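The same chain A turns up in both complexes below, where it pairs with chain B and then with chain C.
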Partner chain A sequence: MNMKPKVGWTHRSLLFLLMLYLLLPLVATGLYALATNWQTTILPESWTLNWFKDMFQDLRFLEALWTSFYLCLISVALSLVIMLPAVFVITVYLPKLESFMKGLVVLPYAVPGVVAAVGLIRTYSSGPIDIAGTAYILIGAYFVVVLPYMYQGIRNSLLTVSAVELLNAAEMLGAKRARAFVTIILPNIWPGVIISTLLSFSVLFGEFVVTNMLVGGHIHTIQVYLYQRVSESGHLASAIAISYFIFIMILSTILMRLGRKMNGGTQG
Partner chain B sequence: MKRRNRWMWLGLVPFAFMVLAFQLAPILSMVTGSFSKIDGFGFTMDHYVKIFNSAYYLKAIKNSLLIAAYSSIVAIIVGLACAYSITRFTPSVRDRLLMISNMTSNFAGVPLAFAYIILLGNNGVFTLLFKQWGWNVFSGFDLYSWTGLVLVYVYFQVPLALLLLYPSFYGIREQWKEAAALLGARPWQFWRTVGLPMLTPSIFGTLGILFANAMGAYATAYALVGGNFNLLAIRIGSLVAGDVVNQPEVGSALAVILAVSTLLAVFLNHQMTKRSQRFTGTYAPKSNSSKERSLRARARAKEEAG
Partner chain C sequence: MNKSYLELQGIRKKFGDSTVLNDVYLSIREGELVTLLGPSGCGKSTLLRCIAGLTELDGGRIVLGQQDLTNLAPRNREVGMVFQSYALFPNLTVSENIEYGLKMRGAGKKERANRSEELLALIDLEDKRDVYPQNLSGGQQQRVALARALAVQPKVLLLDEPLSALDAKIRKNLRTEIREIQKRLQMTTVFVTHDQEEALTVSDRICIMNKGNIVQDGTPEQLYSTPRTEFVARFMGSYNVLTRAEANRLFGDGIGTAESFALRPESVGLLGEGMNVGGDVPSADKRIVEGTVDSVNILGNVIRYFVDASGVRLTIDRLNDGRSPTAQANGKVRLALDPSQLLRLEKEGA
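Right after this comes the complex of A and B.
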């Protein structure tokens, strides 16, 4: 497209409507969180920050936030520790396994959370390993949820830095394989790995289905807590929803910045 | 070399363990569970027979299929129109529009249901406003009913449709339009004979993803109507982990049915992607930038949250 496309009114109004449709629920939640009372007027009658204050004084909220935070952190860290060597070995030394991995990685996409939860409950609620309702089963389930993101992210970074060639060069110069991995491959793939780690974190932070079905009664993550609060106070729940959203926004902005930086780095 | 190989396998052991324990074993257990007798290990088709003879479960399956089909088709139409419109804008505006659409897709599941309750619920802002203004057109609308659910489903399907469809519009080159115009084709003729056929694989592929996404969506419906609405995903949830008397075997059988439907839909997407690559692979600019990739990944993330 060499000419500057001229944007007609149909296109403009169509996209205006789309943006209105997409942003309306968000804006409404934001306004509701800031309103003392909002009924029968287009905009709230008066404003307040009390709901946010209440939120931070609510011990259950802080606990849920903390629970979400450390559960996601542990799961992502575990996934990182397990996936890094595994994906490295598969991509570099066992490319034959890649088609199998592709199938494996597609499963969490294709099998909905409800279904995965059914299987997990069946396997671990009775019998020799009874870990139903504990954090262990949740961390295991989370590992599977983030599997695709971690695999793709690490694999892509390995391919972008041409890990195989780098390793060959290092070995030719006399470096041991483990040493080459730690001193050459790891620093090179680090930016990409950080991106998939953050992405995984934000996915887990928003996870509700599996969490609620597996441990909903015992462990209250932020999503489970939000679900419980929805029926109680609308304004407070809005404040929580909006804070959650802002947190995810900040996380994805960081993601995007990092992604752009890395992209610029590999091209330049 | 042998010694090194052993070291290599060691790196795979924890991975294999986790995948076996938390991905493959549960799926296997679910499938065998759906075929095994209650309190026993014998093979039986009873649970499936029961499901297909029960008006209640059949209704749940039908409801899920219908809502998935409706919301996917609406989202595809909206997505197609908007994706085309977006390509008409300058790159900077285009990026911003896509970013907003992408951003709203984080707003899924429980928070989304909640936002709709604020807007259109029984005491929702708009519900009360419309009542006050005496707009009776909307008085029949009920968020907690079928139409309400479709509305909310469409909301989380549209950004996904947009994201998946938008790149395929770049496979259609401006030169082809010019060539067609020079040969005397009108715009609609171009779209009918060249444009749409080019887009068809990616339309069906996207349809597959959207369908699977809606079939598996649980959080939104659960937060909106609780266990009251008869949807497949909700039935499974309440059979396995709900407060009603647990019937894990029937739950497993229903879960297998749901998984088969979503797997089929994803398979459709897979086939169609292959085909569309054959079509456009040689022409379309490679969209392998990491930004594009992270957009894709986000699209996937949405599916999970829905």
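Right after this comes the complex of A and C.
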């Protein structure tokens, strides 16, 4: 009655090699961020927290972190406000538009970031909407970047809870559409929507190519800042990378917790 | 009681190029349970959704009592519906689900609680009032869906294949329960199903639908004993449907002018070695035909024989009462055919 499957040494060593391959760069980066000097020895000669101290004392780092944070927040919030009702209406009332939407939302994947950025700069650097190099164009571009995540996430939530049936049932019981949406649909899709929102947020937080090309010279997000500091000091850049990694890990943990909570909710 | 209460007048509906409902007329009396029975795609669920207001009509009128429902929104129709998938609200408890309709109509807290208790008693789930639907069994969920639809005291109750997602045993119990509740409340009900046995047990009246038309309607006895067309005969059970030539071979001439005939599987007597199964056979007015048993299926209380007689394959049902020996596959048997049991069928669409 041994419930644990037996794991042979081949499996173990394969897993170990894989983890080593995946984690070694991270460990090295972590060590480098904590080292004073690491040139001719296997392990650093001595340790220090100065790089982290420098980083947190560097106003530009905190500014970049803040810039990233609020730009991503605004973009995701905007996306939520627009996409939630839009996807709801399409899924429930205009299912004919679904195939069109499916095509539309893969475009951000299909068009490489560089191409998209060049196109956007050319379109918006003159003419009636002259917003190249401003936060507005970045928010617009971010909206497009997270479009697939938001669309799929919201749509899947709606389908999982059979929104159409629930809505019909609520209407038959005398609820107006808006009231049915607020009292029945929204509470049921909320966990799924939160997850897509957080996912979109972390995708934007790590976005570099489009950001750097569109507004790199004017607005320093955390990624742009990191890119600029790499050439100055490897130790500092490592410290930034590690901090960024920890931030994303916390975000991912919240995401997974929420996901489990949602599954737990529907399974009982 | 004989006055019609819910009146469907020439309902038409198309989805794209395909006609789903083709000029359907139906009138239902108050307190009556009418079943729409038919194969999938016959338009029965669409007709139900039209009554509910969830599907728009292309033509025709729906009248309930004195009120024309045709252009009313679902929420103003005073029609309750139970969905195939139950469609219970997962974010609300059992009692909150039941009270939802009353809340939407602005009923007070006390009234809602009273009504909800009443219905919980009706469906016998008082101990589950604070449970969420996903923690209930399928049968319990369906009962809650029924209570939720009844809570607002609709004038008509619509049931869209309410039992098809349940397993056989629960299905049988629940359909009796639904029928009892319906009778007790005198609730005018339209019940959609593709299961003829279900239709026969619960209905006051059955409407058989095919390709967007009601092809025959009547009481369960009428439909089972006198199917009008081949489609109804095939759908209502394991009727033997015979062509004119086949019927001639079994019954001789003088069977009338119809092109196809139906013969109930339990009306054929079976005589074999040491067997005299089938009641009062042989008698003068019965025809005796030789046959060979192809196969024997035990269906529980019924034994179903497939017999080849003069090149016609017949289904014959015998009660499995343990008193008479069972004919064996490949055994020779004699069939006692009663000409008065041969039904003449009308042409499709006639």
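Criterion: the second predicted complex is superposed on the first by the 256 of 268 C-alpha atoms of A that agree within 3 Å, B and C clash if a C-alpha of one lies under 4 Å from a C-alpha of the other, contacts with A are read in each partner's own complex, and residues count from 1 in each chain.
Assume a residue touches a chain if its C-beta (ideal position, glycine included) is under 8 Å from a C-beta of that chain, and two chains touch if they have at least 3 such contacts.
From a predicted model like this one, the values you see are computed outputs, not experimental measurements.
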item	value
Clash or fit (per the criteria above) of chain B with chain C on chain A	fit
Touched partner set for A:N188, first chain B, second chain C, both or neither	second
Touched chain A residues, chain B compared with chain C	B
Superposition-derived angle with apex at the Cα centre of chain A and sides reaching chain B and chain C, degrees in steps of 10	90
Contacts of A:G174 with chain B and chain C, given as first, second, both or neither	second
Contacts of A:L147 with chain B and chain C, given as first, second, both or neither	first
Which of chain B and chain C A:Q223 touches, first, second, both or neither	first
Contacts of A:I74 with chain B and chain C, given as first, second, both or neither	neither
Touched partner set for A:L166, first chain B, second chain C, both or neither	second
Which superposed partner A:P108 touches (first chain B, second chain C, both, neither)	first
Minimum C-alpha separation between chain B and chain C after superposing on chain A, in Å	8
Footprint overlap on chain A, comparing chain B with chain C	266
Partner chain A, residues of chain C touching it in the complex	52, 54, 73-75, 79-81, 83, 85, 87-92, 100-101, 104-105, 132, 134-135, 148-149, 152
Residues of chain A that touch chain B when the two form their complex	1, 4-8, 10-11, 14-15, 18-19, 21-26, 28-29, 32, 38-42, 81-83, 85-86, 88-90, 93-94, 104, 106-123, 140-141, 143-145, 147-149, 152-153, 156, 177-178, 192, 195-196, 199, 202-203, 206-209, 212-214, 216, 223, 226-227, 230, 234, 237-238, 241, 244-245, 248-249, 252, 255-256, 259-260, 262-263, 266
Residues of chain B touching chain A in the complex	4, 7-9, 11-12, 14-15, 18-19, 21-23, 25-30, 33, 78, 81-82, 85-90, 97, 100-101, 103-104, 106-119, 123, 125, 128-129, 132, 155, 158-159, 174, 212, 215-219, 222-223, 233, 236-237, 240-241, 248, 251-252, 255-256, 258-259, 262-263, 266, 289-291, 293-294, 297-298, 300-301, 303-305
Residues on chain A engaged by chain C in the complex (per definition of touch)	161-162, 165-166, 168-176, 179, 183-184, 187-188, 266-268
